[in-house]
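One chain, chain A, links the two complexes that follow: it is found with chain B in the first and with chain C in the second.
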Partner chain A sequence: MSIAARDRLASVAFLLPTLGLFGVFVVYPIVFNVQASFLDWNGVTEGTTVGLSNYSTLWQDPIFRTTLRNSALWIPLTILPQAAIGFLLALALNGPLRGRSIYRALFFIPAVLSPVVIGIVWQRILDPSTGVLAQASRETGLGWLQTGVLADPQTAIFGVIAVNIWTWTGFSMLFYLAGLQLIDKNLLEAATIDGANPWQATWRITLPLLRNTHLSLLMLGVIGALKTFELIYVLTQAGPNNATQMLPTYAFEQAFRLQSVGYAGAISVVLVVLAVGTSLGMTRVFGSGFLSGADR
Partner chain B sequence: MKRDRSQWWHLVLAPLAVLWMVPVIMVLGQSLRPVSQPGTILFGILPAAPNLSNYALVFEQNPILTHLRNSLLITVPSVLLVVMLGSMTAFALARMRVPFKAVVFGFIVLGLVLPMSGIVVAVFQILQTMGLYNSLVGIVLSYSALGLPFAVIIVRTTYLAVPHETFEAARVDGASWWQIFWRIYFPLGRPALAVVVIWQTMLSWNDFLLPLVVLESTNLVPLTLVPLSYRGVFLSQPGALFAILVLISVPVVLTFVVCQRYLVNGLAGAVK
Partner chain C sequence: MRAQSIAVATTLVGLVTLSACAGQSNTGGDGESGTEVAEGDSGTVSFRSWSPIEQTTMQMIEATEASTGAEIDATIFNYPEYIVDLQTRAGSGTLADVVGLQPGALTQQYRENLMPLQDCAEQTWGADWQDQFYPIGLDQARMGNPDGDDNFYALPLLTQTVNLWANSEILDEAGLEPPQTWDELTAAVDTLGEGSAVPFLLPAQDSWLRNVVFLQIANNVSPGTVYEAESGEIPWTDPRIVEAIGWWERLFTDGIAQEGAISLDAYPSGANQFEAGEAAMIPLGAWWIQQSDPSRESIPPLAEGMAGFEPFLFPTIPGGATEPQFVGGIDVALGISANASDPDLACAVLTDWIAGDGAQVLINTFNDIPAVTGVSPQEFTSEKQEEIWGLFVDEWLPQVEYSRYFEDPDIDKAVADALAAVATGEATPEEAAQSIQDAQDARR
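Then we have the complex of A and B:
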């Protein structure tokens, strides 16, 4: 056997376990969803083929439109504040500040907590009658603190988005701290000597140099937004009246509560297409090697 | 001089950090709020008469240690699998000639974007076919598959940063692929692996959806599922519910604290 052939065989041996797991738990479920999406099927008895009718029903389903609207709101309204606050925290905690590792830990802790914990505690904070904010509003007379944000279908999604920002800002902070480490300090010093003030140095030098960090966070943010399930499942159960429904929660409800596995399959297919499409689109547009596998 | 000025940040950061921690403080506070004296202070965040009775109650009512063991039996193997298989895959993709590399990357992207809720019906059926329904093994394998893409991406970038000369020299010396991977690259990937460990621990410790669907026996249920399974019971015992939330959180927070030192450097190497 030639050396090249032997090397290729060795590489397959390194990859085989991973590819096996992907085949069973990633590729097969996608094939399964595609197949199911052409069926009228309750998941137990034999399904009947209905062609594309699940997709055409989906297209006219007002709840499906709500999920799309919610994703469209969720993506910018979580990614931008998380990036902005995370970046400012990273700037503050990159310097020689006493106790900075304690601050870092405190801001990151929400990200490691289970959505079960986060959902339950925020329910208690935002409850319109007995919640922390409602009590604070009564005791201080600050009426605006009293919010039924999660109870009102118009505002519920913004309440969930706010909780999501609280959860993940520390994660953005950590990414920016990592990005800041890679910036050559001489560049910033040279700029200061040339008369740039700290604001200019940050805006003109630090921010552009963090391009790859912004892109990684954008990518993870979009994927994370489309995948959102747990927080909504615990915090609002997709209510009130489906106002906080997202694609994954809607797919789950169709499959497990309404036994429409075919319809759920169609929702999941749309979800995967959207997620893959945006990821590939972003790597195309920004030319980031983050996902593309380019060696740079 | 410069050092002194930077300490002004405390004026902004300290209040912000306290505000940020309110939900966490509240979880702790509520867990210490006894049923017999439910009075609270600070708008309901802290109990007026804190004690540990809820923890005693929770351990009496539930086999907490069994649930804890189940969570560990799910999390530890999946973290080990992802660390090992993720590093091997990353090494192959960074340094070896891989046939159909683009296809492999396609799978990785698919795995990264796939939500648990979208595959749970299919996984339920696969696990039934494989005889892994109502077993922790199936859960471990699913979590590993879903966690691998992130691990591969992060570790591979770190491996690409290792100078090629190191690799060439080892090849010339006749080292096998496995030796190069295991003796040189794997140890150099340690900072990135800190990130992987945290990420995978979060994924497998915190998920409740898959156990909800594929576990039948109560004695296999992990800790995160307990608050959801017994929602009704906890309505009359809010303190006990929060005590369980604290028990769920402590192990992940501890893992984070242990890995924290390496996290920033690990990410810096990985997301260049």
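Then we have the complex of A and C:
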């Protein structure tokens, strides 16, 4: 065997474990779901092929349309505030602030808490009858604090989004802190010598240099939004009246509560298409280097 | 290039091998596929469920291992995780020997994977074995069986009524008795509204709770009518059902339920508030007596011997039945895998948990009401606790006629969604009833 052939064999051998894992944990579930989406199947007994029936039902399903609307709201309304607040916190905590390590830890704590804990705690805070805010409202006379945001189908999704922002802003802050510490201080000093004020230095120098951080957070935010499950499951159980239903919660409900694995498969396929499409689109627009920090 | 070809070919072969798995069944012993033996060695019985809780299950296992000689390997999950585990294992032919089930759809879905249990019951308890069970438990055990199929694919372990609970101290301080009629309920809420506790805590975020409260109302409005609608004998838009939905709506519009009731969950939030004395009344069920389980590490004063709590039935509705109706059914049932490694041993374990030494341990924790008569806790911590227990087992459960469950999960969801829509003002009772009818029509 020639050296070149041996090298090729070795490279294939090195690839095989990854390919195997990729096949089992990524490709197989996708193929399984695609196949299930063409069935009327409860997940246990023999399924019946129904062609595209599950997909045609999807487009007439008002709850499915709610999941798409909620995803469309969730992505910008979580990613932008999280990034903006996270960036401002990072700027503040990147300077010589006394006790900044403590502040950093405090702001990051929600990101490491279990969504179950967060859901229970925020439900108790927001409960308009006996919640913390309701009690504060009674004590202070500030009626606007007594909010039934999670009880109103028109506002519930915004309540959950607000809790999600509270949870993940510290994570954005940490990303931006890491990015800020990679910026060459000479650039900012040179800008100051050239007469740039702090606002101009931040807007014209710091923000553009954090491009890869912005894009990484955007990518993680989109993926996180599409796979949101635990927080909604605990905080609202996707209610009231399905108002906070998202694609993963609806797929779970269909598969395991309503025993419609075929229909859940169709929902999952839409989810996969959205996730892959978004990721490919972003890679196409911004280049693949932003995740690794390499140039485009 | 060749390496790439090999990789692509390997992936394709893998895909072809892995595909065609969705949609296949893994049925029981008589099926063509799925003939693998369930997990566990001979002498070992595997058990997976969401109930009883792990601590209680471990105590039951200790007792049952001593009486049957079986070695029991148990895994207890949270309910959402359990139904995923159950479906996955049933689909892959690795169902545990003994599994926890709920009546209706959750049993019927796995019927082909489960062993009929009447022979096991008869061998253990004799030909008249059905006499020892509460009738509603046996009715529900076969709920949804195809016509002509009289097998028991599950047997009830614990049963319950769904009812209301009152905080005796709050009611006593206000000079009130648990309300027996709707008018008394509204009057009590008005009186209690002046205090700091929530008069009627309705944790309506949970679909199951919305449905059981509605079933109590609907059966008090017109006993049994809602089940006629489910079976298609009458439409869901029947005036009596619309009226029942209207009474549900009044819980919200008349200020009986607390503000934001639709966003409060029963567990842990609602239960914690009620146990802490922050509410005067709450709709739950017989299982609330488990708060007085003497083996709990710390028991709040209200729950100590049920000192501060008392159960009562949902008040009668004007123009409806003159007496409150009893609604309830199975809390948890047990089934045996058709592929159980040792069916006789699995049967011994299952029957011991229902009516043997394991059952005694279970009932000593007041987890819920047993499925069979004649099993009582060996020790009561107060007279009140004993009175409440007696009320459930001697008076209420034998009278339970109406199921707390719908047979079809789609109807269950349609009703729960319709009730949520009414509670949030997004639908009128007429529109809500029509939406359930639409869901039923779509099923057909």
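In this text, the second predicted complex is superposed on the first by the 269 of 296 C-alpha atoms of A that agree within 3 Å, B and C clash if a C-alpha of one lies under 4 Å from a C-alpha of the other, contacts with A are read in each partner's own complex, and residues count from 1 in each chain.
We adopt the following convention: contacts are C-beta pairs under 8 Å (C-beta built on N, C-alpha and C of every residue); 3 or more make two chains touch, one makes a residue touch a chain.
All of these numbers come straight from a predicted model, not from anything done at the bench.
Asks: After the chain A overlay, clash or fit between chain B and chain C?
Replies: After superposition on chain A, which the two structures share, chain B runs into chain C.
Asks: With the two structures laid over each other on chain A, which partner does A:Pro240 touch: chain B (first), chain C (second), both, or neither?
Replies: Once the two structures are laid over each other on A, A:Pro240 reaches chain C alone.
Asks: By the touch definition at the top of the document, which applies to A:Ser2: first (chain B), second (chain C), both, or neither?
Replies: It touches nothing on chain B or chain C.
Asks: So in the superposed three-chain picture, is A:Gly148 touching just chain B, just chain C, both, or none of them (first/second/both/neither)?
Replies: Second partner only, chain C.
Asks: Which of the two partners, first being chain B and second being chain C, lies in contact with A:Leu182: first, second, both, or neither?
Replies: Touch partner of A:Leu182: chain B, not chain C.
Asks: Tell me the contact category for A:Phe107 with respect to chain B and chain C: first, second, both or neither.
Replies: In the superposed model, A:Phe107 contacts chain B only, not chain C.
Asks: Going by the contact rule set out at the top, does A:Phe32 touch chain B (first), chain C (second), both, or neither?
Replies: The answer is both, since A:Phe32 touches chain B and chain C.
Asks: Does chain C touch more residues of chain A than chain B does, or is it the other way round?
Replies: So, of the two partners, B touches more residues of chain A.
Asks: So, A:Gln60: does it touch chain B (first), chain C (second), both, or neither?
Replies: A:Gln60 contacts neither chain B nor chain C.
Asks: Which partner does A:Val276 reach: the first (chain B), the second (chain C), both, or neither?
Replies: First partner only, chain B.
Asks: In the superposed arrangement, does A:Asn42 touch chain B (first), chain C (second), both or neither?
Replies: Touch status of A:Asn42: second partner only.
Asks: From the options 8-16, 62-70, 80-88 or 278-286, pick the one stretch of chain C whose C-alpha atoms clash with chain B.
Replies: The superposed arrangement places chain C into chain B at 80-88.
Asks: Go through chain A and flag every residue that touches chain B in one model and chain C in the other.
Replies: Of chain A, residues 8, 11-12, 15, 19, 24, 27-28, 32-33, 36, 43, 120, 124, 130-131, 233, 252, 255-256, 261, 265 contact chain B in one complex and chain C in the other.
Asks: What residues of chain A sit close enough to touch chain C in their complex?
Replies: 8-9, 11-12, 15-16, 19-20, 23-24, 27-28, 31-33, 35-36, 39, 41-49, 120, 123-124, 126-131, 146, 148, 150-153, 156, 233, 236-237, 239-242, 252-253, 255-259, 261-262, 265
Asks: In the complex formed with chain B, which residues of chain A make contact?
Replies: Spelled out, the residues of chain A in touch with chain B are 4, 7-8, 10-12, 14-15, 17-19, 21-22, 24-30, 32-33, 36, 43, 89, 92-93, 95-99, 101, 103-118, 120-122, 124-125, 130-133, 135-136, 139, 166, 174-175, 177-179, 181-182, 212-213, 216, 223, 226-227, 229-230, 233-234, 248-249, 251-252, 255-256, 261, 264-265, 267-268, 271-272, 275-276, 279-280, 290-293, 295-296.
Asks: Applying the document's contact rule, which stretches of chain B touch chain A when the two form their complex?
Replies: Interface residues on the chain B side: 3, 6-7, 9-10, 12-13, 17, 20-24, 26-27, 30, 43-45, 85-86, 88-89, 91-93, 96-99, 101-102, 104-105, 107-123, 125-126, 141-142, 144-146, 148, 152-153, 160, 177, 181, 198, 201-202, 205-209, 213, 224, 227-228, 241-242, 245, 248-249, 252-253, 255-257, 260, 263-268, 270-272.
Asks: Within the complex, which stretch of chain C touches chain A?
Replies: The contact residues of chain C facing chain A are 2-3, 6-7, 10-11, 14-15, 18-27, 80, 83-84, 87, 90-91, 105, 109-110, 112-113, 198, 205-207, 258-265, 268-269, 273, 278, 409-410, 413, 417, 420-421, 423-424, 426.
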